[in-house]
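Here subunit A shows up in two complexes: once beside subunit B, once beside subunit C.
== the complex of A and B ==
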């Protein structure tokens, strides 16, 4: 393993070095960095050209300039020396500084998107695999192909128009018409019918429940003026907590042996009580407080599950912990939405923004700011998710189908295990192994590849840094981008290989 | 059983801990704490804050910009850029500013100036009493002297390199060092030779000398003395700070005491990559701005329309507007208002006319001018965007200038070039005795689709007249313009005009910096020399009118049209004006206000 890592690192370093040279030369020769000044007739023309020539060292041959750059960049490898010098941009700003800002923005943008895309993709993949060749499967396949082939810039325009501008207009007078409700009801009904599956009668019943649930909920919310000031409220939190408890139990152990259910329910009740009693802690917390509460939740969950699990202690711990986490999430969403009115007033009712990462000069306390970040993340995250869900769901589906036909799954079935145990315990985990590799590739790609998303939604991330540098023929920021994304790709690929070997003992790295 | 008990104990312990945590926070915050989110800053909602005079309305107006500020001092060669000017429009004041039509507007609230003698040119300046930086330091002699010292190219270091690196020294280098004492509000600028753009020389309110002095370890008085005694040693740290000390990385506003404002707004808050907030200067000496807060939001130009539509920005100014831009804006009527006007970027065709070149003979150039379908180009490419578009017939005057029509009637040979005349062009080529078809390597920016269209129009018309237009789109056209004059015969591009009269000389005088084409006409040279030292504006216009006539006689180049500038804004905003000059739409941000407060 060590030899493998050492060899990989060495090869990667050489590759990266050659890559930087090529990239530098290509970028430096890709255009004329003085272009904009050449068209200027003002009296400042000559001095500005001279200043930029000096700043970017344009009189030095490109190859020599590369080595000068390399000399500065090499200092970045010395840890804690603080002498990192990635040069200056065409506007005279420190590239190291620009880079740190860009990485921060990109990470914020892709973190949530990646997590959600993986989650949704895996769920859709498993469901479609289990309902292979059903209408749901075909619809999901069609949808993934549509989304994966949509040009992002165009898709972004649609999102801005329909999810931002139109929704904001609608929020001015939020009334759901019967037609809309019926349409939404049809969609939810079809989805439920497809997911539940089974006999014709069962499908029809699921469809009916989905239809009435979707359309009815919408009309109810509209009639009660919920959309004027959305929220969950303590009752909503309680319902969600109990529902998570029941749902997770059903998923993890079933209701045969009740201890797991009890553990989960106790956890839900603790969550509900905590929600009612922690008002002051949650009034204006910080990230550290929330993290502490999360750890506390996990600890309580472990305790409850351990204490009440009985024979199925492991499942009980899992169910209790996840119930706690989901309840906590509901509480967070509830609190966040409590800042809705305040936030809506600050942005003149235009709640869904089309660009940027924050409302300038808005300070709504922790929850208001969280809501602000969330609404700003909404469109770009949606765009990124829809595009990458396709890959994840297709891979998961294929991998699940393959695993489901393996001998050990048949063995598990023949031992008389119920379908849930077969899927969750035996098939699901093994089916996920290829996805780890995919995630590693995807994160590396997203680090540098959210160019269009960043441009369209006004995020000054890595992609934007690179495109701006390229249009201005500004090698230094472009090189910073190249080094970071190149290094990330190399490292993450290596991690993927190691993880793969770890997860699948049949594979050896050597 | 034991395990179970232990587990339960663990849980109760944790629960107790959580409750304890609750209890102590409750004790701190009180039970009747306000709703979450209520602790938002409410300044903007509660009327003028302390110090702001009547006239400034609370509220925020947001304008989209496509680049972030990079420096407080934009007088340096490396930071002289529009994105800094955009901010300075609100944070600096001076003796004059550019108006919407790029004319010079005197700022009488700041001070007054008067030309008291033509030869030698002497201008007497008076800064009004009470005019001061936002930190309370009066704007006076030290600021003027530093402005002179930094932009007059008067000081060099031991290696002979200029101490200060300003973007431009034009004009100031002819000014004899003003003689003033610390605290003086009056000074006189005497020029070694008359200078046509004398009004542009002094701003006085641009760079706070007391800050530069302090950073260099001097008092303002010592700085004045150092400049008066040409003490290079004392000035070196001042220059170092002036050159680099005011540069800023994104989001990193320098401390308030380093970046005082002389204008109606203060630099307040900068979120890197997102927004820059300016708030009304409570101690502003002039007419207070109409709106308390101006936010400049960074946004890619292609995305500004939807942001305007969604109410996230109130004002946008997309450059190079297309037919689609205008159509979208028209579709938003009622919600959005917009104005289109021409600006100062002018597209034109230049010809290499040195010895042995295709366009050496004037007849060939005349033929080219005749066959280029200027009216057709404007009709197809400009009129759809701006119905008022017209063919540009002059070079030093634009339709936006009031002198344009007068000069045009004097200088433009309407009968020769008023309409496309392919036969006339063919005739001229025949008269010239050149072998047809005349091959013309026609260079333009390969990344600009509009220029590609123009080239196609020219080719289809001029090929009939006996030219053989060979379009050579090139990404490096800018470098080749000067670097490889042998590789093209004609070139299509646009100059970004500045409104500075003297800058034209570099385009047309023999061997001048931007005359890459071997053009030489002693009469033009002489007239430009006269323009440069002519301080009477009427005479200056007359000289330049004569120059235009000569340039058409020689067909030095062929102007095509001026660019369009669109400013769109929410119908709830008033006071927004289209601005043709390079200072941008924020030039009158202090006039912006929300209708109905």
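== the complex of A and C ==
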């Protein structure tokens, strides 16, 4: 395994070197950085041309210039030296400085989009594979075709013009009409009926439950004025914690052997108590505090599961840990929404923003800022993930269908395991192996998509840095974009390969 | 176990017709409903785009030029109507400016048709040329192996790690000024990577087969083995990939033109139209809707055709889809 990782590291480094060289040459060929000065008629034209030539080393041949640039860029690999030098922009700014301002927003966008796309895509893929050739399956297939064919830039503008403005107008007077509730109820009912499947009667009952649940919840929330100031509250957190405990137990082990359920429930209760007693810590925490709490949650979950698991210790640990994490997530969302009023006031009730990655000059404490970032992320992420969701769901579906036909799944069925165990423990994990390689590919695509999304939504991210640099024939910032995206793609590919080799021992040998 | 008597099929009133592989594929494709209706729609769109404003010196049946500035009638609202009068609409009507007019009074129908022509042309050049390059590189790497394979596949890896849209934007910045054909060729230089990997994989498995060994044993030269023995066996994969590459190219070119690094004025494309009239969305949304709907329709129909072809070429699909 060590030899395998070492070899992958070497290959990745070479790939990145050649990749940046290719990008550097192409950028140099793409235009003349002195173009605007050549047409200049001012008296100090010669001086300015000379100054810029000096600044960008334009007298040096391209190949040599690449190695000079590489010399500076290589210093970025030395940790904590602070000598990172990616050259200067056409206006004489340090590219490292420009990059540090741009990279955060883009990475946030890519990270959230990847997590969301993988989650939604894999869930849809598994459900459609289990309900193959059902109406749900056909609808999902059709939807994925539309998503893949949708021009991202066009869809993003549509989201901006219709969804954002309409939602904001609606939030001014948030009343759900019966018509809307019925429409939403139909959608949730159809989806639920499709997911549960089974006989006609069972489908109809599931449809009814979904319909009443969707429409009723909307009307209830509207009647209680929830949309004026949304939140979860301690009771909501408690309900979600207990629901995730029960749900995860049902998914991971079933209720035949009670220890898993008890472990998950104990974990949920610990979460609820912690939510009520940790008010001071969670009043205005930082990311490190949250990370520490997450680690603590996992540790407690492992402890509870281990102590209470009995014969199904492994499932108990999993159920307890995931219950803890989900409860923690509910707590975070709850605290974040507590900043709603403050935030809505700051943006004059236009809660869904269409421009930028954060509200300028807004500081609502940790939770307010988190809410601010989240609302700014909503539409760009939605636009960005459509293609990825379609890809992941198609891929997962195909992979699951293939795995479900394997002999070991048939063996698992024939030895009398119930369907849940067969799917979760035998099919699901093997079906997901090919997805690891897909993620690495997809992130490169998302980075390209981020260029478009950032243009439409006016983010000051790396995509914007790139398009501006390209328009102004400014080589170094454009190069910075390729370095970051290339490094990200290479690293992810390497991680995917290693994960693949870890999950599938056949790969390691070759 | 004795083989069933040959008369049994006829005895049951069924006749067995011998069909070649190509006939089977064609049959499966023609019975793929989604693919056939997509093909029909795509042909209609292409016919509309080509015949309405004509190509080059050949005039079409639509009399308004896509460059002619004129007076803006009725704020440039579209005159196309498909809602019959008894439903409260204006009846079926084509009108003076079916898609409306843009800010300077240019007829938007002819502008959209011009954009469709350019976008589709670029997409086809990119799709076909990219497929050709991909097949050539994949075939060479897969057949000859050794150093050829290492170099070609590492080159593929290098291009894959750079975001395609950004890479093409860098070159499109220059090539865009030299007309859509040059732009298309330049884009194609970077879109072959996926297919090259697939073709190489196919070649790697096929070159070990007995019939290739036999061909080699009688002294058939390498280029002939590739052309006559291996390529025909990979034609399904290649045709499907080429179709999907065209759909991808439509989206890539329009995105590029939207960012301003693709087709440059005086030429236009569907992506350029979306970008040019994004700002007038609030006042004249139709300027934004038409090109977007055309991009979506073209990409969607081509994707469906690709899906139909994939099913048709899949030997496991014994059942004919109805």
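Just so we're on the same page, the second predicted complex is superposed on the first by the 412 of 510 C-alpha atoms of A that agree within 3 Å, B and C clash if a C-alpha of one lies under 4 Å from a C-alpha of the other, contacts with A are read in each partner's own complex, and residues count from 1 in each chain.
Rule of thumb we're sticking to: a residue touches a chain if its C-beta (ideal position, glycine included) is under 8 Å from a C-beta of that chain, and two chains touch if they have at least 3 such contacts.
What you are looking at is a predicted structure, and each value in this text was computed from that prediction instead of being measured.
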When both partners are placed on the shared chain, which of subunit B and subunit C touches more of subunit A: B
Partner chain(s) touched by A:157 [first = subunit B, second = subunit C, both, neither]: both
Which of subunit B and subunit C A:66 touches, first, second, both or neither: neither
Contacts of A:470 with subunit B and subunit C, given as first, second, both or neither: second
First, second, both or neither for A:192, with subunit B first and subunit C second: neither
First (subunit B), second (subunit C), both or neither touched by A:91: first
Subunit B versus subunit C as contact partner of A:482, first or second or both or neither: second
Touching partner for A:455 - first (subunit B), second (subunit C), both, neither: both
Which superposed partner A:101 touches (first subunit B, second subunit C, both, neither): first
Contacts of A:283 with subunit B and subunit C, given as first, second, both or neither: first
Shared subunit A surface residues [contacts with subunit B and with subunit C]: 30-31, 157, 161, 455
Residues of subunit A touching subunit B in the complex: 30-32, 34-35, 38-48, 50-52, 55, 91-94, 97-98, 101, 105, 157, 160-161, 164-165, 168, 270, 274, 277-281, 283-284, 296, 299-300, 303-304, 306-308, 335, 338-343, 346-348, 350, 352-358, 360-368, 371, 455-460
Interface residues, subunit A side, partner subunit C - complex: 14-16, 18-19, 22-23, 26-27, 29-31, 145-146, 148-154, 157-158, 161, 441, 444-445, 447-449, 451-452, 455, 466-467, 470-471, 478, 481-482, 485-486, 489-490, 493
Partner subunit A, residues of subunit C touching it in the complex: 154, 157-167, 169-171, 173-174, 247, 251, 254-255, 258-261, 271, 274-275, 278, 281-282, 285, 288, 291-292, 295-296, 299-300, 303-304, 307
Interfacial residue positions of subunit B with respect to subunit A in the complex: 3-4, 6-8, 10-11, 14-15, 17-19, 21-22, 25-26, 28-29, 31, 33, 35-41, 44, 60, 62, 70-71, 76-81, 165-171, 247, 249-252, 269, 271-275, 277, 293, 295, 297-300, 302-303, 306-307, 309-312, 345, 475-476, 478-479, 481-482, 493-498, 500, 502-504, 506-507, 513-514, 582
